[in-house]
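Okay, so subunit A shows up in both of these, paired with subunit B first and subunit C after.
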Partner chain A sequence: MPTVIFQLPDGTERKVTAESGTALMQAAVSNGVEGIVAECGGNASCATCHVYVADAQCELVGPPNDVEDEMLDFTAAERRPTSRLSCQIQLSDALDGLVVHVPEEQV
Partner chain B sequence: MTSAAGVVVVGGGQAGFSVVSTLRASGYGGPVAVFAAEPHLPYQRPPLSKKAHTEPDGVRVELVPESFYRERDIDLRLGEDVIALDPAARTVLTRAGRRVTYDHLVLATGAHNRPLSVPGAELDGVHALRSLDDALTIGRALTTAREVVVVGGGFIGLELAQVARARGARVTVVELTDRLLSRAVSAELEPRLRERHERASVRILTGTAVQALEALEGSGRVGRVVTSQGVLPADLVVYGIGAIPRDDLAREAGLAVDDGVVVDEQLRSVTDPRISAVGDCARHPHPHAEGLVRLESVQNAIDQGALVGRRLAGSPAGYESLPWFWSDQGEIKLQIAGLRTPSDAVRLVAGDSPDRLAAYAFRDGRLVAVETLNWPAEHLSARRLLERRTPVSAAELAGTTLGALVRARRAAEVRA
Partner chain C sequence: MSAPTTAAPGAPVVELDLAELRRDPYPAYAWLRRTAPLAWVPSVGRHLLTRYEDIVHAEKLPAVFSSREEGSLLLRTVGPNMLREDDPGHRRLRAAAEPPTRPRQVRDLWADAFERTAHELLDRIADRGEADLIADFAEPLVAANLALVLGLRTASAADVSDWSRAMMAANGNYADDPGIWLRAEQATRAIEEAVAEAADAVRGAPDGSVISSMVHAADPVSLTEIQNNVKVIIGGGVNEPRDVFGVGAWALLQRPEALEKVLKDPASWKRVFEETARWISPIGMYPRQLTQGYQIAGVTLPAGSRVALVIASGNRDESVFERADEFDLDRPHRPHLAFGGGPHFCMGAWVARHEVSAIAWPLVFSRLKGLRLAEGTTASDSGSAAGRLDGWVFRGLTSLNVTWHAP
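Showing the complex of A and B:
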């Protein structure tokens, strides 16, 4: 089971373990990670589960899909090259040790 | 028998969950209890009509695992229905006979389905969808159903129609009024939505009344739907013809009720400030609406729950979240931001690809609501502009899109 680390805006870290195949957003919400709002429940409808993937891991995680790419232009916090919607990232063993930063605001 | 006071929430849906999770996240340290009628951990409803049936094992829909409640000392009482409320004594009574005292009570009781009141509605093979158990039942029925009749052309009906198509059934939607989603989307957008359903081989009969459901000879199972336009074969009938707020606890306790518990701008009962109501069961003032409104949406449930949670933790505020809605109907993603009224002027705008469309609604020349088909960027732009109450005039939007406006304004902010 992959383990991922959420770095929160206040500087604290949350380490979360989830089954492969789980969306990163779901892993966050199931573990009560503050700052992943996910209003639409993972349907790519709201852009409130925005995260920044650690620079070194961007290639591993891959680029956003088309709808996601479009939505990332309208997140509450600024878009960066490392921006992803966490509902669109499927966890796998290859992503064990993933580090993502949670932005200051989501809505 | 009484338990400790503090905050007692009646209802374990999205709104009730939002109250208790926000209470703890905001530092509230008093006792917190949730009474949920269903035996399941609080779960998401949107996937039930959109996804759960297409994935045979169902989807994981619980909002958070059981440990979330334990770690935050939230007393979650699953399957424990509240049957009476005594505002003078500040107690609720559960079906099991337990009397519970509160300092503050939050009604998050949601809504129930408007019943289908025609002969034969009790036959096997006739289902409504609201709960997780309903979804599992319909999902099982869809594994063998060949002829599906969907009664009601609203959000639930249209989502289910596409789910049933995806499972290979023939599907007919029967709608009483002369158009689909008659209250939710504009008359201008509706024909385009209808066209897409028909293209996906969903047959749509508007202006058609269901008069009776009839069984196959010698069985208790539905076999035919008798409508004002003729008889339809059916081995599965699902209906979604609106919801009625669960406000009977409040009414029987003497609180003001008018198709929902009547609350003020901070979502407190206008009769008793120690009682709040949130989500589908609340009727409230809203800066985007004239008069009182009752909204049925996930956004409303989450935001109202959070507002009450923060108030009870010491940060009061008025409710003014921008209402927004979404519905996934097969390949159709319908999103709505803002509240439109029938007298608003609506302009249709084609998107940057053929499957995309937006309808802008203007009141007194100002943008008040936006409906989009398959155009998430335009929906999010609309939310961004409407949420901040940034005025957008009809003139400004001539020949451009909201997405382009947001990008231009952001670029201007960066330069400034």
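Showing the complex of A and C:
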């Protein structure tokens, strides 16, 4: 079961473990990680589960899909090259130790 | 799944007067949140769930809080549709209809036409120096925009408004008024014809509209499914952006300091939109029906129980929004519930945000110089804008009379 670390805007960290195949957003919501709103429940239509993936892990996580790429243009916090929607990242053992930063604003 | 028509064992029973709820539901909601956050309300025939956290919890459990509601008036009005369907059936229809409403499509395909229409409507009234911004501007604007995004080429803004009104009346026709059913049937037949015609036209020539997107969906969608879902979108797609426009403009016209700040920082129109939708949510509640027994807000609801998720109440929950009854553009950002949540998150959210906050408000406030409310300002004045706020299932201003310095 991969473990991921959410770095929150206030500087604290939340470590969460989830089954492989779980969406990163779902892992956050199920564990009450503050700042991952996920209004649309994982359908890539609200852009409120935005995260910044740690620079060194971007390649490992991969690029956004087309729909996600579009939604990332409309996030409340600035889009960066490391931006992803956490609902579109499927956790796997390869992503064990993933670190993502939660932006200040989602809406 | 049978639908009990009485309170779940242990659920408090609260009598609410529907006329009072329409006039101003917020005092009743505040009382419910404090004393009975899940209450059976006989006049509504449902359990009302009124606290923010409980509503969010329910929205995240669509397998338990099902959108398939027995005896739904919406189903009777428009036939089977994605709003009263759960995944995967809902997802299939949503995926077919959604692409034209995504934010980049709104910006690239629709925004210029939205802006032209807004200018045309303002051209018509600019010299008058007075208008009802709901009837003369907001309603025709959002109806014309909706016809465009849906791909209803032969329908006028007035057609779309009339259809929407007829179906919304039927959707709330708890009194079973035959006249209301008849008008709704006439409207839905007219929509079916218009959709069939549009679907034929785009079969060989896709135009980026919702009807076109559904006609060409990878997972095939039948004409009846397109027709029924277009009906649902027309039902909600007029009043929601119209009401956010009206309430937000009204709120700012009463708060000159806030208005001045917004006019100096056009990016803040987005904040106006979100705060308006939180403060007076255009959709106040929507129904769910339990697929299994489930405990929420201290009550165990049996399978089949009907629940109303009262998002207008969640958006005034003091435990989440400090001084929740106030319209405050500077409040800390917290997600509101006005667009719903989970798989049914409002499909029109990006269209509404753009047409209202990027186009309608900025143009109205820049073109109509010296804009102010025409009504008297005392609370007892029956002509006041506050007296024209109406509704609890849907809530908005029925009129917004203003004056300005005509050129």
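One rule holds in what follows: the second predicted complex is superposed on the first by the 107 of 107 C-alpha atoms of A that agree within 3 Å, B and C clash if a C-alpha of one lies under 4 Å from a C-alpha of the other, contacts with A are read in each partner's own complex, and residues count from 1 in each chain.
Just so we're on the same page, a residue touches a chain if its C-beta (ideal position, glycine included) is under 8 Å from a C-beta of that chain, and two chains touch if they have at least 3 such contacts.
The shown structure was predicted, so the numbers you read here are calculated from the model rather than taken from an experiment.
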| said: Looking at A:D73, would you say it contacts subunit B, subunit C, both, or neither? Reply first, second, both or neither. | reply: both
| Contacts of A:N43 with subunit B and subunit C, given as first, second, both or neither | both
| query | What is the contact status of A:A23 with respect to subunit B (first) and subunit C (second): first, second, both, or neither? | reply | neither
| message | Output check: A:E105 vs subunit B and subunit C. Expected answer is one of first, second, both, neither. What do you get? | response | second
| said: So in the superposed three-chain picture, is A:E34 touching just subunit B, just subunit C, both, or none of them (first/second/both/neither)? | reply: first
| message | Quick check on the superposed pair: does A:L85 touch subunit B, subunit C, both, or neither? Answer first, second, both or neither. | response | neither
| Just which bits of subunit A does subunit B share with subunit C as contact spots? | 29, 39-41, 43, 45-47, 67, 70-71, 73-74
| said: Under the stated contact criterion, what part of subunit C meets subunit A in this complex? | reply: 59-60, 62, 91, 94, 98, 102-104, 274, 333-336, 339, 341-343, 345, 347, 349-350
| query | What residues of subunit A sit close enough to touch subunit B in their complex? | reply | 26, 29-32, 34, 39-41, 43-47, 67, 70-71, 73-74
| field | Interfacial residue positions of subunit B with respect to subunit A in the complex | value | 21, 25, 44, 46-47, 50, 60, 62-65, 68, 71-72, 298-299, 302, 326, 328, 333, 335, 376-377, 379-381, 383-384, 403, 406-407
| Interfacial residue positions of subunit A with respect to subunit C in the complex | 29, 37, 39-41, 43, 45-48, 67, 70-71, 73-74, 76, 105-107
